[in-house]
Amino acid sequence: QDVSACLITKTDTNPFFVKMKEGAEAKAAELGVTLKSYAGKVDGDHESQVAAVEACVADGAKGILIAASDTKAIVDSVKAARDAGVLVIALDTPLDPIDSADATFATDNFKAGLLIGQWAKASLGDAAATAKIAMLDLSISQPSVDVLRDQGFLTGMGIDTVDINKWGDETDPRIVGNEVTAGNEEGGLKAMEALLAKDPEINVVYTINEPSAAGAYEALKAAGKESGVLIVSVDGGCPGVADVKDGVIGATSQQYPLLMASLGVEAIAKFAADGTKPAPTEGKDFFDTGVALITDKPAEGVESIDTAKGLELCWG
Amino acid sequence: MASEAKAATSYEDGLKGASDKVAEFHEDTSALKKLQHWLHKTPSAVPLIVLVAALIIFGVVAENFFKAGTLSVILQQIAIVGILGCAQTIVILTAGIDLSVGAIAVFSSVLMGQMTFRYGIPAPASIAIGLALGTAMGAVNGWLIAKMKLPPFIVTLGTWQILLASNFIYSANETIRSSDIEKSAPALRFWGNDVVFFADEAVKNSGVKILYAVFLMIVLVAIMAYVLRSTAWGRYVYATGDDPQAAELAGVPTGKVLIQVYALAGLFCAIAGWVMIGRFGSVSPTASTGQLGNIQSITAVVIGGISLFGGRGSIVGMFFGALIVGVFEMGLRLVGTDPQWTFFLIGALIIFAVAVDQWIRKVAG
Amino acid sequence: MASEAKAATSYEDGLKGASDKVAEFHEDTSALKKLQHWLHKTPSAVPLIVLVAALIIFGVVAENFFKAGTLSVILQQIAIVGILGCAQTIVILTAGIDLSVGAIAVFSSVLMGQMTFRYGIPAPASIAIGLALGTAMGAVNGWLIAKMKLPPFIVTLGTWQILLASNFIYSANETIRSSDIEKSAPALRFWGNDVVFFADEAVKNSGVKILYAVFLMIVLVAIMAYVLRSTAWGRYVYATGDDPQAAELAGVPTGKVLIQVYALAGLFCAIAGWVMIGRFGSVSPTASTGQLGNIQSITAVVIGGISLFGGRGSIVGMFFGALIVGVFEMGLRLVGTDPQWTFFLIGALIIFAVAVDQWIRKVAG
Amino acid sequence: MEPILKGTGLVKRYGRVTALDHCDFDLYPGEILAVIGDNGAGKSTLIKAISGAVTPDEGEILLEGKPIRFANPIEARQAGIETVYQTLAMSPALSIADNLFMGRELRKPGIMGSVFRQLDRPAMEKFAREKLNELGLMTIQNINQAVETLSGGQRQGVAVARAAAFGSKVVIMDEPTAALGVKESRRVLELIQDVKKRGLPIILISHNMPHVFEVADRIHVHRLGKRLCVIDPKKHTMSDAVAYMTGAKVPDEVMA
Amino acid sequence: MEPILKGTGLVKRYGRVTALDHCDFDLYPGEILAVIGDNGAGKSTLIKAISGAVTPDEGEILLEGKPIRFANPIEARQAGIETVYQTLAMSPALSIADNLFMGRELRKPGIMGSVFRQLDRPAMEKFAREKLNELGLMTIQNINQAVETLSGGQRQGVAVARAAAFGSKVVIMDEPTAALGVKESRRVLELIQDVKKRGLPIILISHNMPHVFEVADRIHVHRLGKRLCVIDPKKHTMSDAVAYMTGAKVPDEVMA
């Protein structure tokens, strides 16, 4: 009998979610599930996601996989969907409260940031105390992934985050400035140029994702500063890992969107077949698909894998 | 001299016995001509036709489309755009444009929420404050446009950015949770209540739910249709958009009208902000209406056959325009189109709908 | 009868000896009046004044601002907006608007990249194809506007969505990496090369780098300034924007002019797309220019004093407008404002710059 | 007799052009004052300054002896000065009736009007039809036609009808018959005389000398931005007037 | 003699209004043909149909015996038909010189003109000044003034100068003197006669009977969307003409 499922991602221009969709589609084809995908239009767009949930319910979907743009704001419509008998699985980001969804297959974005922060701190050694840090964030609307990665990084660096629910309020003099990048090369480049004009001595660059890291690198290269600067990032896409290998990026935290997606599709297929709901990872209230730090220059005290392994695991 | 003047116009004697009848031209009264004339006279007819066509097509193509539940979901999905569209319509009728509608809506909803939760003001008072502040934001737009004579596109481009940034700064990007609102300020969620039709008592969740928000949208459209058509103020709005200099010389207080229009638009946006709380349950400063509300409402307005040059079109057309977009989006979702393709097709729809409108008008012309 | 007619106009005898002199009105030639007149005559003067003021203010407020390096970074940051602004200027001079400029630019850059890397076409040929396709996209806009008589806002709103969606679908959201381009298609990155001035041989990375892209932008602005001022075609562009019906009756082939304008705008956008590759190193379908290029270029145009109603303004003003935005963004960053506050202040700047423009014109009027 | 409307030393500059150059001006109660002058002499600018459409840079305007300063045409209208502008000032997309009543719409009696502010369209249409009939604008078929569908002359007729119907102190007409046919012009002249009979003074700008001499009580000759002289149509010939306004002759007396 | 321009059975409907109702029309070489009629009779529509500004719904137009169908005014101009429209057709923000040469700009000689396509502004300005002087539009101070800064009459003068200067087969003028002063009107009439001397036929729409009777060779009386009759100004009085066009009298002969 015909099982239909929905995948709702934050946007469908970010390669992370594009690949998540591809993974889900592959799995769905394998299991004979009809998958329809939806997405928000801009970063932080939960309204399109609400509309998508409503459409899925109207369409009689068995399950919904959702990577929520606003983890609190989506809760009501998720509840409505569950009331209508649809299995809702949060992907990538847990909802708030986390039990709003039937299950969560997520990655820990805070931890992803934390890892690169710790790595940067360890790599710098004593210089960490006098580092000059550029923060290349996502967007001024500060969606949760943006905040978690940023604040995780700062925590890993040992910098006071002031309000952990917000980036940009830090007062540590090591931070040269925050700029938004929209998570693409263009934004990364322009933001880096501006921060370099502000302080040419920058030697650590945090980036929200790998495309913005690539852009930041171009700006550093143009300024002739590419060699002395540590760039750290999050995502673990294949081009990103290749950039780590080429020395463009120092370290990146790899996440596993394909895994989340295929696990999600499997769970829905199972639910449709016998009504069982997936269980969370032991000791956590969600199923953690894991984060791994990828670097070819491992730092003491921070667990990491090298780029060869990273390229095996990367998601597109 | 006057006598000389008389002589110079003596040929006017020929006027004696001049015809006094209204010229009677031959009139073509075939059914086709009558239809064309009606289409010409009724600016909202074309979007209505497109809407019906879209309904039929999706009804055939997408299963699950012609269900009462689906149709009611479409209505609730366009409720906010429809209300923002009321704001956009009156602004565009004055040959203006308001890029800040979405930002005002989101900021107002954040203000209502924060008034209640940060300062502990009772919800109804917070709502009143939010509505007043939204109106004030619109009035500032209007003042800059009417008194400083700045182009509406620029003014609202600026206030859009200003309000959106203020919204993020003020709210600290904090979403107020649905459960908190439910508990302590249900008034904020008023428009999220629903009326259930055709419910089968025995079955849970049966029947068709219509949100209060949907009724509100329809009532607002109806009121504005009346105001624009049947009151002097409505005529002023059209005259101001049509030819502002002429209107001013003819005695329309165009400056005052513009300020009123933008302030009223601000009020509608604030109402939309209130409705957003009801519809989404929570108060989220990152709501995409802040970024996209302007384009969405403009799309509804233009698909509805209202001229961006001002002075022509009807608000009922805007309502159909919003419905067309809603039907398309829902239809494409049900067909299972990829989001990028949906985006593509909505783009094509915009051009197509306006082209059909132009074509019918030309044939009817 | 004719004799009767003669009699009726006999009073015209009074004309004998009528003055043949040009009326000589009293002229106020004070320095102030002359300045006002000059301001009035030179639409790009006001943005120039605002620009100089902004430079001075930030020079005082922000350290590191008045360094050659910072200023050259400002120039390179506005290179793309400046080229898109050329496209936007000619379109807005015809009383149109082009929301698709950014989408055409990004899609063209993706096409150039994919031609080279997916199909193995030599880079120069890929570039030529990309430029031709960009021009074609613009021409389609122009055709819909000129021949189908659809409003430019709608057409380009539609093609914006269509092209952006096509861009994502066609590229499968795949970025072409900078290192690949460097290796096998350096022609794509041509505009990213730079000329170094004042280099101190001994010190690495000393001197001021100016990107080829910056020169290209300046040359394009200069050419278009000449074309708009000193050729018949330039006059047609102004006349079409000023009063299209009058222009048509007066013998301007407005339809042809519109198609040419949008096609040329498409070409400029494609050039901007090529420049983007050089500037960003990589080819990315998600570049923000696709979403924001329209608003950014419109902002430059209006801060530059070009009327959105068409027919008035100069492209040099657009150039200053782009510079003002660039100077503000950089200056605010150096002063250390939070991105949210920068967003806020740019919004305020837009309104302020246009208000100053209006005010000076009014005083000068 | 005191002038009902008086201007002294009016100056209006447009950039480098001085369209009004210390111009004086008087209108007496109940009279028809014609203003004649070359193209570009500044006649329209003069009446725009009086009717609030432009603000003079210098000079003073007195209505019934009291200094006035209109910020916009609405204030002038509220003070009872009704104007037909050369550019006609009509909203093309609105109907004839809407245009006639622009700014002083009639509302339905009773609650529909007072609370719901509903327009009384039937009454407005009836009134509009009457006024247009008075002008003999018989080729207008439909009072709800949009003004943009009217011929040039028909539009002019609507504008004249509006001013004549609503003026209460002064009626100003800037070339009201310029686009009108023989029949329609004659009706406008009759209308002007009707208005005068109602006791209202009229300012009439016209290039049609026979018409001016036929209806005017006094003729203000405008030249190079100022009043050159005022002549009495009964004492001067049209030929004289033409000679004065074109500079062919210099008047020896200054006032009529 | 064959008519140079001939229309038969022309029909143009605007929605429910039939502005041209099976109208016929002839213009003979070298003549001045006046078209007179009530406001809204369809005169402007007739000449718009001839000059390509509107496309007639039915009927045929022949230029020098060959059927023509202009899609737009540019084609008509290329065929040598130059028109002064009642709405003047000028770009307000552009200068007088730019407007005069719109669509047929002069380019600099040599490489600047052929390759860089630079306009020859000095030549254009000189020519423009000459043409305006011929019309006696002396109150225009600056040929580079924007048209929007001109008075109504001055604009009309510029439009007339343009048509007279560039017409090569037929010149059409829709109420060219409506906004003009006595002096300027006289100049336009002289100009019309000059154009006629150059051998060009002219169509003149005017409500000014003395002027029409003074210059016209034949008078086309338009009524209710069609040609009522053509009269000879030497054989008919102005009073007759007025009577025919207003429907006060019915003409007994049909052609002049």
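Just so it is clear, A, B, C, D and E label the chains in written order, and each chain counts residues from 1 on its own.
FYI, a residue touches a chain if its C-beta (ideal position, glycine included) is under 8 Å from a C-beta of that chain, and two chains touch if they have at least 3 such contacts.
A quick map from chain label to UniProt name: B, C = ABC transporter permease; D, E = Sugar ABC transporter ATP-binding protein.
Note that the structure is predicted; figures quoted are calculated from it, not measured.
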* Any chance you could name the chains that touch chain A and chain D both? => B, C
* Find the chain most remote from chain D, comparing centres computed as mean CA coordinates. => A
* Could you find the chain whose CA centre sits the greatest distance from that of chain B (ABC transporter permease)? => E
* chain B (ABC transporter permease) to chain E: how many Å between their CA centres? -> 45
* Rounded Å distance, chain A centre to chain E centre (Cα mean) -> 72
* Just give me the whole-number Å value for how far the CA centre of chain C (ABC transporter permease) lies from that of chain E. => 40
* Asked: Out of chain D, which residues touch more than one other chain, so two or more?
  -> 14-15, 17, 40, 87, 139-141, 182-183, 209-210, 237-238, 242, 246
* To do: For chain A, jot down the residues that touch at least 2 other chains.
  => 12, 42, 140
* Asked: By residue number and range, which residues of chain B (ABC transporter permease) touch two or more other chains?
  -> 4, 8-12, 14-15, 18-19, 21, 23, 25, 164-165, 168, 338, 340, 343
* Asked: Which chains are in touch, pair by pair?
  -> A-B, A-C, B-C, B-D, B-E, C-D, C-E, D-E
* To do: Show which residues of chain D lie in contact with chain C (ABC transporter permease) when the two form their complex.
  => 13-18, 21, 40, 209-210, 224-225, 237-243, 246-249
* Along chain A, where are the residues that touch chain B (ABC transporter permease) in the complex? -> 12, 34, 36-42, 44-48, 50-52, 54-55, 57-60, 69-73, 75-77, 83-84, 96, 140-143, 147, 163, 165-166
* Within the complex, which stretch of chain E touches chain D? -> 14-15, 17, 37-41, 44, 86-87, 137, 139-141, 149-154, 156-157, 175, 178-185, 207, 209, 242, 245-246
* Residue numbers on chain C (ABC transporter permease) that touch chain D, as the complex places them -> 8, 10-19, 21, 23-28, 33, 37, 40, 365
* To do: Would you mind writing out the residues of chain C (ABC transporter permease) in touch with chain A in their complex?
  => 64, 67, 69-70, 73, 76-77, 168, 172-175, 177-179, 194, 204-205, 209, 276, 279-282, 284-289, 291, 329-330, 333-334, 336, 338-340, 343
